[in-house]
Amino acid sequence: MKTIIKSIYDNYRNFTGAGKVADYIAPLANVSADKYAISVCTIEGEKYNIGDYKEKFSIQSISKVLTLAMLAPLTGEELWECVGKEPSGSPFNSLVQLEYEKGIPRNPFINAGALVITDKLLQKVPDLNNRLLEFARSLAGSNDIDFNKEIADNEYRTGERNKALAHLMKSFGNFNGKVSHVFRTYCNHCSMEMNTEQLAQAFLFLANKGINPLNGEQIVGYRDSKRINALMLTCGLYDESGDFAYRVGMPGKSGVGGGIVAVIPGKLSIAVWSPELNKYGNSCRGIATLADFTTELGISIF
Amino acid sequence: MKTIIKSIYDNYRNFTGAGKVADYIAPLANVSADKYAISVCTIEGEKYNIGDYKEKFSIQSISKVLTLAMLAPLTGEELWECVGKEPSGSPFNSLVQLEYEKGIPRNPFINAGALVITDKLLQKVPDLNNRLLEFARSLAGSNDIDFNKEIADNEYRTGERNKALAHLMKSFGNFNGKVSHVFRTYCNHCSMEMNTEQLAQAFLFLANKGINPLNGEQIVGYRDSKRINALMLTCGLYDESGDFAYRVGMPGKSGVGGGIVAVIPGKLSIAVWSPELNKYGNSCRGIATLADFTTELGISIF
Amino acid sequence: MKTIIKSIYDNYRNFTGAGKVADYIAPLANVSADKYAISVCTIEGEKYNIGDYKEKFSIQSISKVLTLAMLAPLTGEELWECVGKEPSGSPFNSLVQLEYEKGIPRNPFINAGALVITDKLLQKVPDLNNRLLEFARSLAGSNDIDFNKEIADNEYRTGERNKALAHLMKSFGNFNGKVSHVFRTYCNHCSMEMNTEQLAQAFLFLANKGINPLNGEQIVGYRDSKRINALMLTCGLYDESGDFAYRVGMPGKSGVGGGIVAVIPGKLSIAVWSPELNKYGNSCRGIATLADFTTELGISIF
Amino acid sequence: MKTIIKSIYDNYRNFTGAGKVADYIAPLANVSADKYAISVCTIEGEKYNIGDYKEKFSIQSISKVLTLAMLAPLTGEELWECVGKEPSGSPFNSLVQLEYEKGIPRNPFINAGALVITDKLLQKVPDLNNRLLEFARSLAGSNDIDFNKEIADNEYRTGERNKALAHLMKSFGNFNGKVSHVFRTYCNHCSMEMNTEQLAQAFLFLANKGINPLNGEQIVGYRDSKRINALMLTCGLYDESGDFAYRVGMPGKSGVGGGIVAVIPGKLSIAVWSPELNKYGNSCRGIATLADFTTELGISIF
């Protein structure tokens, strides 16, 4: 494993210029394009880290998995009446789709879906910001995880389309809280900063039937663990999910900060960070790294 | 294996009334609701059959996998410029999506995508109807496979929306042949009749890295085999694909004739037939059967 | 004229039950269904009133004409880069249309368009609420015109879809102010209460080449007066505008409070009030009254 | 009148280069850009012609008014259950709108609506091609009117989007005939060639309460005459109808061959031809001519 990771890292070490660092807000645009880190955790407790794995970055949409995992055990199947479980097709039609499907987003990983998840969480967990930090810290086995206020502020200020989605859902009765409060909370979550070492550890429970291997705690039931993994495989990489499924074959989730985290159920979790994004908003080097990783390991679910 | 299949079959033997037999054309409406068959083939050559596995039914959309598998080796990556590889979201927006994405269907398993596949095939395989029958017969190891003219006629006559899709794609330059000819050919393919024994055998190459185990022939390359399986997992069961992925966890494809075929790469293929459909157009008993099958085998990719 | 109006009034006096009083907010739902008033003003200064013409009601969307008339002279042709001048088709697609046309609403009388008008007005007229009241009072020649705070509060609270429209436009850069502030102002305007006597007088400038006949003030230029009238004819009655054009043939604007005001350029203005609405949201008795009015007068522009 | 027309003609005589001749099919692209003709007919029988008024051109969408006028007296109000009477908004959403409104086009002047009109006509008038020629010849008082087979062939061959619209309507049950036959007939009608002299005369019945002034024949009832005029005012110039209403103020209909015909009810009809089109598909010089014409006459319905 160590050899494989080292070899992939060396191979892609100078692989920059293929994409573009997210620049819709300044704090993301300022991240250096050549950052590169890989971290792997196995359920047996082994850990492999290489590159900038100590440096924290904005996890962005990866936080959508954390909030879903936090909410799932607090609700039953009725959660799925407020948000779907199916892939969404291209993002262009999120408003059209919401309109047509009466305010029910297609899945928890598109922005509309994640906003509903945050809204529902806030009904049940009033002190959500702190609780989510604790949740992430406990999963990652590290207290050094926080929100980045500057990024959250920027996200909030520029998030007009997200506010439109929230108000549209509210018009259909599928949104309870105050839009500004829920969206601000959502922005906080997206601004959470972790490094790959923390991220790989934090997602290991999804490779372990929902149980945090650090302390044996059942984070989500096995059923929900499978469901979240299936959702990541079919919808975790925006409009590149189908391609990712075939090339990488692992349930995974990406963020525009350049992070991707993925799991092999029963085996391991892996986090990669490299800020340059392809046209779908996914880390170029991250995808290449993961594709080589499963190929080298000889693992393919297909 | 035999015990598992027998037990599932016995369990669901009287499980009818949960759905509705397809009735948009008469020949489908007349099929008896209590038909039920299961067939399994392993790559080691074992076969298990139970129920009405000798009785043929209309494979309908399952034929979309066969035409894609026939076309894939005849083209290179340029195929994916004419049709996408991503899930499509709900069918409601097929026209909207085609309009927005300039006539490029999201994947080969929605009708628009399968029409493009048929159109492309006809450019390369003039005698396509006969060649597809030969293709299916060779894969199934059985010469007793044919089209059902009555069903094809009905499909053609009532297929106005499909013709609209084809003309819209033609307006965008993503369709070469004459719509009536291509669509008639497409209807023939959908009308193909097979039984579960033939169907399970015919799909075994997708569990075998693209190689027909009956004769060692490379039907599609390993890369394409993985790609087709990934497409089946993310888009094979219409708007229930996400749920199927999580509950069953096998790449599969359904048809409104009540058939579902699925594979476990490296292991086996399984075909189920039961005509009652749920609201998504998938066989109720078929899905229940496959969910129990993977649970009993203790297999889950998630 | 007096005879015609009296005869129409008598004819429709007991004409209730054909529609439904707006009930999406309580203060509108509580209005008595049998209210009925007609007021006519000619540019020669004659006035005819009958029925409940002293009783004030919520003018709702009729206020969109007042804000447009207030803004037009403050801007030049660049106004029409932010909002279109064309009919919009059915309301269902306001979000779709905004998305497709990059945040530019089709005309100033759909909600999105009126929100843009209010936003632009607020940039130029900081004390807009008071100034709009003065504008309406001056046009109507009456100081007894105010907003209804209860209605405005209700509109604001239930206006999620309007907020979604505003945020979507903001995401396209076609909205400058704070959504909550602009929308609150918009709700105030919709809550303005006038009676038919005031309303007919207030709209007479549009029959008089843009000049307020009460004081000779040029409210809008002749060019803008024609433009506003053309917009009312093509888009003034929601999705019934085409039918209204043919049956009534006057530029007009309706509101869900049951008011309709219309003009015959060069001649007169007429306001009708009757709260029961048809399925398009227009006053049933109001339309019947206006249709008879133009028929009796022998006036048809077609 | 003669002076006004002469003066406008002289003014715009060298006004070319502002637009672009339609070039989607060769026979239209080959028309000389500097053609220019004006013809006026009054209901008193006066006629004024200037420029290339003897030269025939393809009337294209102007034929939609003729087929509507032919069908209207053959049906009652039930016609309006198959096609709407409201403006359609921008053409982009014709497919979306048809989908959303269950196959009912918004009005008879968008392509989908005209296809429905042709379909309905063919049910009632089997020998429609000849009958429509006779209808046009009788209205124009000239036998020298025919279809242009080359244009019709080209329209048919390139009309994939129109075929898509027809099949989509058929899927909703709002289309009876064979698409290829109905669309071929529609293409014939669009290919009809007339000169401005014939065109102005042919539309005079719409300025004359539905009566052909040449022979006193009631072509359509007064009610339908008003309705057709209202439809032309609100939907006759594609996505420039609102602007045309305000600038010109006459009910009118344009075609991509560069023709525009318009009427002043109770007074006259006017036809203009100049092939260069603006971005909306309307004749640049045609619109300028008509705007000046109503301004000079001091006529404005607004």
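All chains are identified by letter, namely A, B, C and D, in their written order; residue positions are counted from 1 within each chain.
Keep in mind that, in the parts below, a residue touches a chain if its C-beta (ideal position, glycine included) is under 8 Å from a C-beta of that chain, and two chains touch if they have at least 3 such contacts.
Just so it is clear, the structure is predicted and the values come from calculations on it, not from any experiment.
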item: Set of chains adjacent to subunit C and to subunit D; value: none
item: Rounded Å distance, subunit B centre to subunit C centre (Cα mean); value: 56
item: Cα-centroid distance, subunit B relative to subunit D, in whole angstrom; value: 48
item: Touching two or more other chains - residue numbers and ranges from subunit C; value: 92, 96
item: Contact graph of the chains (line, ring, star, complete, other); value: ring
item: Residue ranges of subunit B touching subunit D (in the complex, touch as defined); value: 92, 95-96, 99, 160-161, 163-168, 170-171, 179
item: Subunit B partner contacts - residues on subunit A that touch it in the complex; value: 84-90, 92-93, 96-97, 100-101, 106-107, 225-227, 229-231, 233-235, 239-243, 245-246, 249, 251, 265, 300-302
